[in-house]
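Here chain A shows up in two complexes: once beside chain B, once beside chain C.
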Partner chain A sequence: MGFTAKAQVYKAAIQETVLGAGEKALTLGGARTQPLCAFDEAWKNAPAVGVEVSDIPFETAGLPALAAWYEGCGSFGDRVKKAAEMEGAKFICLHFEGADPGGENKSVEEIVALAKEAAAATDLPLVIAGCKNVEKDQALFSAVSDALPDRNPLFLSAREEDYKTIGAACAMANGHKVGAESAVDINLAKQLNVLMTQLGVPAAGIVMNLGSAAAGYGFEYVASTMDRVKAAALEQNDTMLQMPVITPVALETWSVKESIMSEADMPEWGSQEERAIEMEIVTASACLTSGSDAVILRHPESVKTIAAMIAALA
Partner chain B sequence: MGLFDVVFHGSDEMYALAETAVKETLEKIGEDAPVAFGSTAYYLACIKAYTGLEVTNMAQLRDALTPIRAMMTRNRRTADIFHSGIATVMAAEVIEACKYAVNPLPYGENENPNDNKYHGHMTDAEVRELGVPLVTRDIPGFVVLIDEAPTDEQAVALIKGYQSRGIFVFLLGGIIDQAMRKGVKMGFPVRVVPVGPDIIGVSHIISLVVRAAFIFGNIQPNDYVNMNRYTMDRIFAFVNAFSPVSDMTVACGAGAIAEGFPVITNEVKDMDWRVPKSLVINTDVDTWIDCSLEARGIKLKVTNIDVPVAVSSAFEGEIIRKGDMQLEADGSRKDCLELVRTKDVREIEDHKITLVGKDIDEFGVGEKICMATIVEVGGAKMQPDFEPVMERKIHSFVNCLEGIMHTGQRDLIRIRVSKAAFEAGFRMKHFGELLYAKIKNEYEAVVDKCQVTIYTEPEKVHELRIEANKIYDARDDRVSKLSDESVDVFYTCILCQSFSPSHVCIVTPERLGLCGAVSWMDAKATNQLDPNGPCQIVPKERVVDEEIGIWEDVNEAVQTYSHGALEQVSLYSIMQDPMTSCGCFECICGIEPFSNGVVIVNREHTGVTPVGMTFSELASMTGGGVQTPGFMGHGRHFIPSKKFMKAEGGLQRIVWMPKALKESVAEKLNANAKELYGIENFTDMIADETIVEGDPEALVAFLTEKGHPALGLEPMM
Partner chain C sequence: MALKGLDIFKLSPKTNCKDCGCPTCMAFSMKVARGAMTLDKCPHMSPESLAKLSSATEPPMKTISIGEHKLGGETVMLRHEKTLVNRNLYGAFLCANMPDEEIDKRIAESMAVDYERIGERMIVEVLYVNAPAEQSPERCAEVAKKAAETGRDLVIEAADEERAKAALASAGAAAKVLAGANAANWEVFNALATAKKLVLGVKAANLSEAHDIIEKLEAAGNKNLIVDVTGGSIKEAFANAMQLRRAALKDGDRSFGYPSIVNTARLARGDRHMQAALASLFTLRYGSIVVLDSMSYAEALPLYGLRQNIFTDPQKPMKVEPGVYPLNGADENSPCCVTVDFALTYFVVSGELERSGVPINMFITDAGGYSVLTSWAAGKFSAGSIEKFFKDFDIDSKYKNKTLILPGKVAVLKGELEARLPGWNIVVGTTEAIQLVRFLRDFKS
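What follows is the complex of A and B.
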């Protein structure tokens, strides 16, 4: 007797959320199947790969290919433009590390100017990542949202401490998208979505950043959380967990030892750049398998590989 | 003249002014002349909000008068007052628009309106600047102060009073001159904005309100009902109008009330129409702040705690030794107590701290003193059931003070104040300050007002102690009378899902959470205080089997909150779908097959049980949110409950417990065993580690000797 495949299509679906505007606008979500199971039902929207660009140029010692990619780029705008050329890049993540009061402490005005420069350099959708300082991120996101009214960016992230200001200033006042950040906990993720919608942020304006970990650094918690979020969304039609998931993979993997130890220090580990790329690829593919609708990566090689993987599974 | 006539007259007056203004302006600049307030995408926002019209030139402004007039209905119903009130504000906006059409800077030559005497129109950027903190409630609300206060001092006291509470202040009319005479700093950045010289300027404030509703609430133009619902629900504004109040002001006030903004005034003439919390007549201007905040339902967050020592959980475990001690309140030697009481809100003066008796500096060093702390709270949603929940938190609140040690509760407390804290200036009133701030913040949802009284006068404390003991007894009585049958709802608790993702506790009066920390009362309070939190209501309407403890509602809740991992739970059985366990249970019970009974072991007991396993070995059988028939984690206080494995015969199945655990539950266990089975001193029949450890045969021998009832019961498996 032959094997008869039975398609597992749920009645509920992941919510669709549009990032960006114009021709390059990107829709996340829409799936009615388990992650990546295109054989159960063709994808409405493919998972998307975005490229991280920081206002502080990346450290490229030991990373010749990354250095080569951005060679000759003088300004932030140049780097954004170059990032947008990566094969498979569907959106750009502007990571404003330099705003951190504990670091370069760039002013909100400086960041706004950089955001505008980036917006002029690419028409891909923009995802704005802050500096992790709650006070600064609130001011920063509000100002950038006001400065890019027509670009429909996504702001990463609103947390329990600052969701009100970011929700009100970015999503409610300007109709932009907000990433609800929780730390690998399904209940907190849901609670934040409930609180944001009660504040008045439309559910369709919310994307979830459920938190991540580099592969090998407690990723099983991430996988189990995402599994349960998807199960609640699809099997139980829990509308407060049906938001698409975005995972800033690069922000995790580029700080672990596999990615930063130089080859000189660890000759037995081989090429640093290869290791760093592999960390990104392994983590990103695991995130996509667990249910991420979008991942953010740094290296052109990882972007290309993950985009190719997605294309092959479609 | 009654209030209806005043409103109608006032709105007629404003309309006539608007008509004249339009006529004169048309003559001056013609009907094609543009009309705009500048820096707004919402045209004349009040008119757009309530008529849908987008006015851009004088001809359109003239035409807008017709729908405004049409809204001024005169049927002597409340709705007519409201409609006329809103239309009066629109008429005022027409007048202001005429001013701006002639001169884009009608209130002074400075481009920055904060440099002019009157601010006038507010830009969309300013709406957003104020709107974001209003939405997030970082600014708890705003007040519109209209006309001249009885004295300059009262004007300033009100403005500063609101300012210090974080309330945004708008000024109209004579009070602006009063503020200027007193040198009050004004402008958008300091959150005190002088809007205009008379009531007509109110249109700029309502313009801000409706634009906030457009921007943050996505309210559509010409949607009267939803606009007013949004402003009522989301914009925490109110009006303070000083006597004499003009008819036009009363008419605009009606518009404010239509939007949900109460009006507080000291005008008594013609105010025959009173609506609680909407139109408040209060002739004592000095009490307006509290009165207004209550009318609008605004609760303030207490941000700084006024004590001379640090407050942090870092000091929670701090021990004060005798030598370092300034004084102590020792409940074992002297009369001491703590009590939280609910009181009528009107009888509480918020933030009142009173000391009756001597202060710390009046006692000798090292003295043992009498001390009673009485916290009185009130609020629309406060329930006496929350009193013990708050009272129990006093311990952790006070312990967070640097240099203060606190143990115990009720009349068995001990508080030590260190010499260092005393030298830093710590006095009795600071206990009050701390408790006030903590209770207001932590229990914001239910506590509107809070006052604290501290007694150190020995006779008074003695009297209070007798009184308090009656209250404690009454509470205990109520809790002990609560049964699963006597309540309408149970609660979920998913506090520990962060590490045990599919575990759900169902908390009932007779079965507390397995961690031992969440009783039904706690869960109820948690639910009220944080409606989106870990404790959710589970109705118990669709009973399947009350004997075993099965309800359809409970099963649905378990399915939902375990995210599908669990299908059903029997609350009173350890064999059939027992409740799951996370990892933090106080005790675990497991079947002992030789005796037909169960053994119970608490976390602290490290020895082996008669089933041959230790606590941690037993725990590994059932943790992590899985159902393992025959094994179950539970709270200590569940042991003597009449619902303890009721489906399998109940308490009489207990054959072994560690001695310490047995002693801690003995009183209630014996009482319930007597009531249920007529057995005296049931705990004497239960073996412990001093009688038998790992040997089941020795256990059966002991039970046989004692005539333990479990031996005669049907086997569980």
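What follows is the complex of A and C.
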């Protein structure tokens, strides 16, 4: 008697949020199906892949392909331009690690100059990631938001400690987008979205960063949190959990043992670069399968592969 | 779908004979409905009632054994709804069309992957041998024999009866699945698989055709099946895997209550990176045997880690073995630090400690597998438990550097620890693992 598949399409949808401006503007969200299930209903917007560029050039020892990609890039702007050329790249994540007061401690003015340089180098949407220092990120995000009024960037991330400043300065004053960062917990994620909207940030200006982990490093929490968030958004029409999800995969996977141990130290593991790429790819694929609407990656091979997988599923 | 107690009661003998151990037939029926008892405990059920009930009280997805491994048996779509029961298996793809060097290379690479992670041995569990029509039965047998020599479980996909027989004969006991049963050959393949007690793999042009074949096989009495959902494209494979599982668990379609095979090697067509991306996708979404070209460490490390994470019971924390873990070449003269046996804590903390490059002895105490604050609140991580650890592992006499770094979140234990561990310098460390690198470098200087 055969089998007729039933399309599983929900009445509720993931909220649509626009990043960037102009021709290259990118819309995240919009799906009414379970993650990646384009066979149930065609996507309004495909999940997107972005490229991480740090103000501190990446350590490329043991990573010849990554080194070759950025070879000859003298300035931050050069690297941003080169990153934007990666096959499948839909946005650029400017990661200002150098602002960390415990590290290079670049001043807010220096960071603003770098952000402007990057904005001039590419017309792709920009995602601004800070240095994880609450005080510094607040000052930095406000200043960068003021410096790029027309680029509609997304700021990663506003947390419980600093959502007021960042929400007010970036989203309410300039109409930019804010990533609400919570630590792999559905209740914390919802609470932060509620607080931000109560503050006056429009829901459409919020993207969720639910937290991430490299594959093997507690990824079950990431997967189950995303599974539950998507179920609440679609099945229960919970508007405070319908924001699209962005996951900075590269920020997790490039610091785990599998990616940083040199081949000399671990000969049986083989090429360090292959390990780092596969760790990034496997984690990114798992994030998208669980419900990420956008992932941030570092290596051109990972960007190409994940973009191709998304295209093949569309 | 699950039957209600009353539905079962209607078909029960209603004699209240107590032979099942329950006071009444109603009580028995309620227990069966809950899954607490099985129907066969009642000796008086009429055959008609049994036939009606047994199909309805069967679990929605059958558990299929592949050697020592179990597949299927899932009751929920996602792990947070209860738990996933049986982890998927990974396999390497060998085809009689390939030159011998390629086959040898794939076997060698896949067999080299063999390591332990949190108490679990990580290997390629399955070799998938394809015996296509272009190759002679002798050639197919030769490849199957090579695969069988590894000692791993084999899935043998054959184009026809002759090749199936040849490959199965040379594979011997290593053969666990006969794949490739389709609309044309299902009767012959069914006979072969049943005779050798193998799992039969159904491979059809689409899910509808697969359903028809499975219905026929079930009517012939074979419920030891697995379904190849690979299809012709990545999108089709994903749709098939999702729909098969949805039909089984959400719609109660028993004919689709079987595990699946996904051959990412056929979908990725030689692109190793795409293959890893797909293997990750199908690890999360319903591939039971996920086949790759071959498995190298680059793929194994993230994939096996992912699988180990996903197939954990959300109600039971993942634990590592308590003990001393010397890092960065630490010895008795290196400082020591202490934390809990929650696997996530272990991975995050040891990762940061390794990144610091500072030799340090990491003490993992038995804290019931909970995180630092949770186990402290539960009284499982305390000055007393750390003192007990010191006694159990004879720490005081073994280590000359009497510095013990305590997680910043339990700084409150410092005073009591100093009293319980005389001679030890108790240092309060950081509250977050991410701060450890700088802390240790500063601490050293």
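In this text, the second predicted complex is superposed on the first by the 314 of 314 C-alpha atoms of A that agree within 3 Å, B and C clash if a C-alpha of one lies under 4 Å from a C-alpha of the other, contacts with A are read in each partner's own complex, and residues count from 1 in each chain.
The rule is short, and it goes like this: a residue touches a chain if its C-beta (ideal position, glycine included) is under 8 Å from a C-beta of that chain, and two chains touch if they have at least 3 such contacts.
All figures in this text were calculated on a predicted structure; none of them were measured in a lab.
J.: Given the superposition on chain A, are chain B and chain C in a clash or a fit?
T.: fit
J.: Would you check which partner chain A:Q191 touches, where first means chain B only, second means chain C only, and both and neither mean what they say?
T.: The first partner, chain B, only.
J.: If we overlay the two complexes on their shared chain A, which of chain B and chain C does A:L199 touch? Say first, second, both or neither.
T.: Touch status of A:L199: first partner only.
J.: Between chain B (first) and chain C (second), which, if any, makes contact with A:K164: first, second, both or neither?
T.: first
J.: Does chain B (first) or chain C (second) touch A:E235, or do both, or does neither?
T.: A:E235 sits against chain B, while chain C stays out of touch.
J.: Anyone got the angle at chain A's C-alpha centre between chain B and chain C, nearest 10 degrees?
T.: Result: 100 degrees at the vertex chain A.
J.: Which one hits more chain A residues, chain B or chain C?
T.: C
J.: By the touch definition at the top of the document, which applies to A:S224: first (chain B), second (chain C), both, or neither?
T.: After superposition on chain A, A:S224 lies in contact with both partners, chain B and chain C.
J.: In the superposed arrangement, which partner chain does A:M172 touch: chain B (first), chain C (second), both, or neither?
T.: first
J.: So, does A:S145 touch the first partner chain B, the second partner chain C, both, or neither?
T.: neither
J.: Given the touch rule stated above, what does A:T247 touch, chain B (first), chain C (second), both, or neither?
T.: neither
J.: Rounded to a whole Å, what is the shortest Cα gap between chain B and chain C in the overlaid structures?
T.: 5
J.: Go through chain A and flag every residue that touches chain B in one model and chain C in the other.
T.: 224, 228, 231
J.: What residues of chain A sit close enough to touch chain C in their complex?
T.: Residue list for chain A touching chain C: 1-6, 8, 34, 36-39, 102, 132, 214-221, 223-224, 227-228, 231, 255-258, 260, 268-271, 274-275, 277-279, 281-286, 288-290, 301-302, 304-306, 308-309, 312-314.
J.: Residues of chain A touching chain B in their complex?
T.: Interface residues on the chain A side: 142, 146, 164-165, 168-169, 172-173, 185-188, 191, 194-195, 198-200, 202, 224-225, 228, 231-232, 235-236.
J.: Please output the residues of chain B touching chain A within their complex, sorted ascending.
T.: Within the complex, chain B touches chain A at residues 128, 131-133, 135-138, 215-218, 234, 494, 497-498, 501, 532-534, 560, 563-564.
J.: Going by the contact rule at the top, pick out the chain C residues touching chain A in the complex.
T.: Touch list, chain C to chain A: 78-80, 112, 117, 207-212, 215, 233-235, 238-239, 242-243, 246-247, 251, 253, 256, 271, 273-274, 276-281, 283-285, 296-299, 301-306, 308-310, 312, 314, 343-344, 347-348, 351, 354-355, 434, 438.
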